[in-house]
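The structures come next, written out as structure tokens.
Shared between the two complexes below is chain A, which pairs with chain B and chain C, respectively.
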Partner chain A sequence: MKRLTVLLLALLALALIPATGAFAAPAEKVITIGVDQEAVGLDPHIVTAFSSHRRLDLLYNRLVRIDDSMAIVSDLAESWDNPTNTVYVFHLRKGVKFHNGREMTSDDVVYSLNRVLDPKTASPGRSYIATVTAIEAVDKYTVKLTLSGPLPSLLDGLSSNNLAIVAKEVVEANGNLQKVEAGTGPFMLKEWVADNSMTLVKNPNYFEKGAPAVDKVIFRVIPEQASLLAGVRSGELDMATINDGAIIRQAAKDAKVTVMSKPGLNMRIFSFNTSRKPFDDVRVRQAVSLALDAPEILTIAEFGMGKVTGPLPIAATKWALAPSSLPFTGPDVEQAKGLLAKAGFPNGFTVKITCSSTYEGGLAVAQVAQDELKKIGIKAELEVVEWGVYIDKWVKRDFDTMIELRGGSPEPDRFLYRTFHSTGGVNNFLFKDAAVDGLLESGRSQTSYADRKVTYDKLQYLLSDRAPAVFLYCPNENQVLSKRLSGFKLVGNGSLYYLTSTDVKP
Partner chain B sequence: MPATRLAKNSIALAGLAIVALYLLAILVSLVWLPFDPVKIDAEHLLEAPSLASGHLFGTDEFGRDILSRIMKGSLVSLVISISATALGSVVGIFMGIWAGYLGGRWDHWIMRLADVLFSFPSLLLAIFVMAVLGERTYNVVFAIGIVYIPQFARISRGAILTIKPAEFVKAARSSGAGSAYILFRHLLPNILVPIIVQISLSLSVAILLESSLSFLGLGVQPPYPSWGNMLSSARKVMVIAPWTAVYPGLAIVFLVLGFNLLGDGLRDILDPRLKNVK
Partner chain C sequence: MGRYIAKRLLSLIPVLFGVSVIVFFLVRLIPGSALQMYMGTQVEASPAQMEELKRIFGEDRPVPVLYLEWLGRLLQGDFGVSLRTGRPVLPDIASRLPLSLELTLMALFLALLIGIPQGIFASLGRRPFWDLANRVIGLLGLSLPQFWLAALMVLAFSGFRGWIPMGNFVSFAANPLRNIQMLLLPSLAIGIGLAAVIMRYTRNSMLEVLQMDYIRTARAKGLTRRVVILRHALKNAILPVITVAGFNTGYLLGGAIVIEEVFALPGMGRLALYAIYQRDYPVIQGIVLVIATLFVLVNLLTDLIYALVDPRIRLDSGGKH
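Our next item is the complex of A and B:
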């Protein structure tokens, strides 16, 4: 009831507020973007929330960035050399200015990376460059990184907002950057009204010629996804980030708006607690993997808005193998029943699926999985818990099976090592397999793409076969845009970087 | 005769007819349903109501038949509503009549306890009880029952207080009758009218409470249907498939209306003070 009231109020508010900005000053080009969550903070080295990262995309630059085809391209570093596999030398752009007018130099890069590596900062980015042992400013525009061992995922790690380059004096004046910004990005923070809106204005000194194309970007927080769509339809918003498949489906039928969708890097998985019976038996896990019909789950739970995937996000095209080429990707009810019988469960068993009714919690996925498991005699009970309890159970590994949404990466090492290595930080499956560990370690130390490709191909086969989790699908990243916008491109990680080149018709 | 007065009271009759229709639907659902209410059908997601497909009320986002789910859910809703009202009324009446009859310190403490329960909004109290007991279908019965206890306690205590000084009570006591005998043979039958009316109204509120709890995800757990959780999951798809919300909503509205009409009618029929009111 409460959400419904909020929705109605939001709709009413949208109807009452006269269109500001775009119509008030025709000379000024403004893009208003609707999002469902407020940013938690703005310090690039600290935040993990998706909502914060979408603002950082526009406020900061990194040494390198990921483009819309998931390739690593130049950002603040114009070029880089890799003389040995433990040394990287970055050549910075000249004349790049921070928003306070000072020029960005190699000292700022050294300061920023050291701040991330400092355990006191507690940066999530620390693990991405953990093997970096020395950061030196060779001259004003050259930075040299020395590693304790090869780390092929280094460039991918450096492309994260968590490794953005910041101005030292602003950090020191404010303690941290949660409420202020100290970037070089295409837009600058002008005004932030918590839980309501954030206004960014064009950086006139941005290093890319002619960019950004618009004068202002305004983020508006509207929690209800249906109101976001209504906002784009009415022209109050120019663009909105929407996850809900039902709303996207509705938007796709609407001639007034453009829907951009792309398979994202997040991955929906069905996790096993491999330390609990009967999931300590690989045959039981394989049987469940065969019973689950990923395309059907995708159709029902996500309205088909996504792509089925294997152990690596299917959008990481350089690495990911198609699920159809991997073992134990169902559905094959007969083979599954056979495996269950061999494992000593000819009549199935009873099991709990832990889920939550938030989008990440995957209640709809759990319901379809429950129905599919019935076909091989497994009686699944849904344990639908509140989001806080869900997180708690995840942290404590207190579950039989669980529906999860994992944040993936285009770089196999960054995603797979932390997830499936027996010492991995987010190995909630309590999965221990010497062969998997071995492949993960060699993938980390090899440097040529050809060698690594062979290793990660093997690993994808092995993970499908050992099945610590069933890999289901990657939901799409979606943006709903007004027809007035042009030049925007989606990136699979959800980045709004391309607002830099987006133009708006008056 | 109450029966003939019932036949003349069109409001009560309408209420009775509605409730009877639901009871019939439940009886039918025990032996036959148009479709399996929990069977997921990827071929028929969100189909509009149509005679040709056999989905008279359409299908939901999992391709499940909405009519079958409403019928299956009506059993759950009604059983929960009746058992919760039974629990609340038995415990509440027992507390209320003893408090009213014994008076003094007993009355004081029992009614203060009721006041404490009363001071919570009923939905909040129910959510609290569910949080303590855990999200199981039968716990909804306790949650709603506990909400009802103080209501029944107050009504029955008030009624006892008004008839306790009556001559026939004194007569019974002077002829040597014990407290329990007087309470259950003489007093209780005389206060049944307001209690019966309260019961019929409580049944309808219990339906709403159960739906609210399920809507919030605390009542009947998916995939098993209840009207509340059907509405809750319909919220997402309401705009593209309005039938997913409209029919479970109507099911709630009509049953609550039925109980309310029946309760109103019963009050008119049974209340001796309204006997001569045309």
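Our next item is the complex of A and C:
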């Protein structure tokens, strides 16, 4: 009995010992960032996971990048010319060094882009530059791309991490870059303990003078969103990427932390399988579009953390039209009922909404939509499935309607063509419309902004009218920051690139 | 004894073979393939690229053929390569296993530490404090799901520096104190269910033994209550408890899967969880085989301990009597 008590007390004492080292003053500037998902791998030409891309933001450079206002700006290419609409010439920065010390030249650009184009690499970046027919190193610092046809989204495609410039010798020595890195980026990989932490250290030779401002960036994987906020509050983390609207709202009320939010490029949509009855009838789709109240869905399902959008992500301000100026953006229950009656469903019908309980799967959105559809007599049943089953149904186009989160782009061609063209790779609405196809094709062949703007304005009206999907809102990208940080900027695609210019007070 | 152990170890072969067949075909029955999960809903690929991807992901050949290929490599000690990360499976499992084992052992230790004394006190008649503690542990342990209890612990203790791992787990070798501090709550969450079970078994078993004649004799001889309980009664009463604890240790390992996710611990359980989410077949297969092996070994160990504690049992002469 006595011995047992002593043992218990000893154990308790052990647990109470404060974390050794946690209070030691850091000799170097470190930013510790909490994320909810571990990187799957680090090969920029292979990975698709969002979590991996956030590490690649810091390890690699691309020819061009997107800045915080969604404009294309110089990265490894100092400048570029576009002599004809099928030829691009890039002039590279001089003296840029890979992390292994070797200088980056036009040969590396040729190698990297060819690696992406090689079907054996199976790169998700291939479709961004698929029409490139020749990549030539004109001289040590000049690269020429020749295209089989005009591709106005080329620069936007090249800004993707999937088209990062890598060092050939490191790829060849390791087979691929999943565990190692071969970049020119502001930070270099030092240590990676899977599912725990990843430590990046400053690249002392980074081409931007004076950057990065800190010595180290440490990623820590913490799946629980509430713990992420607790981590920033307690000072164990300097920054955390949080998606959960409820937690963000809680953080916004907290004087100890700063919340940065802005609408991202992802888009929440309500998709129809246009090959299935009754959604083969455009009037039914328009009726559903009128019945769904996007602001209400945004408020309830996302705690208001986002912005209502049309067919183009609202953050792409150069192109996107306000949803209020587009047709069938409701809510208008009477008009919706009228359309249903004309389509032969005066008493509504029963339909399934496929969704999943992951964030992307949009269960909360489906629940609000279910309620709103009731008002026009449509009885919606929720088909809540595990994420893998959801993907399976998505790939096989096995659904009536589905809640989706689509990755948009600041470039209208790249997002709309693959999504709504009758031959588009991710058109799983099975949507076929000659007028839409025509506009998408002319948008792709035009080069001047004024011409393209006219085309894409028409297209946005047309897509709202034909309604292959109901465009709801763009969720915010959120970062919760400690007050010690300064200089960080959010990019709508979630990029952490601006950690390069972020400083931390001791 | 040696022959018995050898026999039991040999029995691992058919067990693992059976497990390998079941897991290999079962994981492929789950809707959604590794390639689909990899592509997600955002990526488009040309037909030629899809062909290449199918080949890389092994989706271009029939499952039985894949099984035979995998089995062939397995017999040479090659567990294959993760479809998600491209890393070999075995080193990944090996680097995660120690944490899961440590968690399991700590959970077992805490379960015994709480369960046995509680059971003994409960068997000695009514005392208000121990009675209350008894009920609380019973209630928490048996009726609360582990993951729920774990989530509550995270909420309650996340303000306490160092108690909840924040992606900064340190191994026992690097810093033993901090390591144990971080694993204390997770192992309690896993172990408390078993603690409740052990408590009940100990109590029932003690009540039975305390009725026996030899206990009365011991008391009549004038031995102290303490000696009677700890030396005479407990020795016999503990036998069924060992069996229960042994057979449940395997399940503790399973509990670690959920708890590691809640507490952000980089163990084998979390590796398994993500492998299942991503349909990373080689990793799932590898982990299931490792867990099956551990299960068999733990059961063997339980039987050996049983034989040591109970001299009436001779393992070599045809098993238990």
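One rule holds in what follows: the second predicted complex is superposed on the first by the 480 of 506 C-alpha atoms of A that agree within 3 Å, B and C clash if a C-alpha of one lies under 4 Å from a C-alpha of the other, contacts with A are read in each partner's own complex, and residues count from 1 in each chain.
One rule holds in what follows: a contact is a pair of C-beta atoms (placed from the backbone, for glycine too) under 8 Å apart; a residue touches a chain by one contact, two chains touch by 3 or more.
In this text, all values refer to a predicted model and were calculated from it rather than measured experimentally.
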Contacts of A:Ala130 with chain B and chain C, given as first, second, both or neither: second
Superposed model, chain A: greater residue contact from chain B or chain C: C
Contacts of A:Ser357 with chain B and chain C, given as first, second, both or neither: first
Touching partner for A:Pro313 - first (chain B), second (chain C), both, neither: neither
First (chain B), second (chain C), both or neither touched by A:Arg249: first
Contacts of A:Ala226 with chain B and chain C, given as first, second, both or neither: both
First, second, both or neither for A:Gln370, with chain B first and chain C second: first
Touched partner set for A:Arg406, first chain B, second chain C, both or neither: second
Residues on chain A lying within both footprints (that of chain B and that of chain C): 1, 4, 226, 386
Chain C residues within the chain A interface of the complex: 30-33, 36-46, 48-49, 51-53, 56, 84-87, 92, 95-96, 113, 117, 151, 154-155, 158-159, 161-164, 166-169, 175, 177-178, 180-181, 184, 226, 261-262, 264, 266, 270-271, 274, 277-279
Residues of chain B defined as touching chain A within the complex: 38-40, 42, 45, 61-63, 135, 212, 215, 217, 221-223, 235-237, 239-240
Of chain A, residues touching chain B in the complex: 1, 3-4, 226, 244, 246-247, 249-250, 296, 299-300, 357, 363-364, 367-368, 370-371, 382, 384, 386
Touching residues on chain A, where the partner in the complex is chain C: 1, 4, 7-8, 11, 14-15, 17-22, 34, 38, 40-41, 43, 48, 119-120, 122, 124, 126-127, 130, 175-176, 178-179, 193-197, 219-224, 226-227, 230-231, 233-234, 236-237, 360, 386-395, 404-407, 418, 424-426
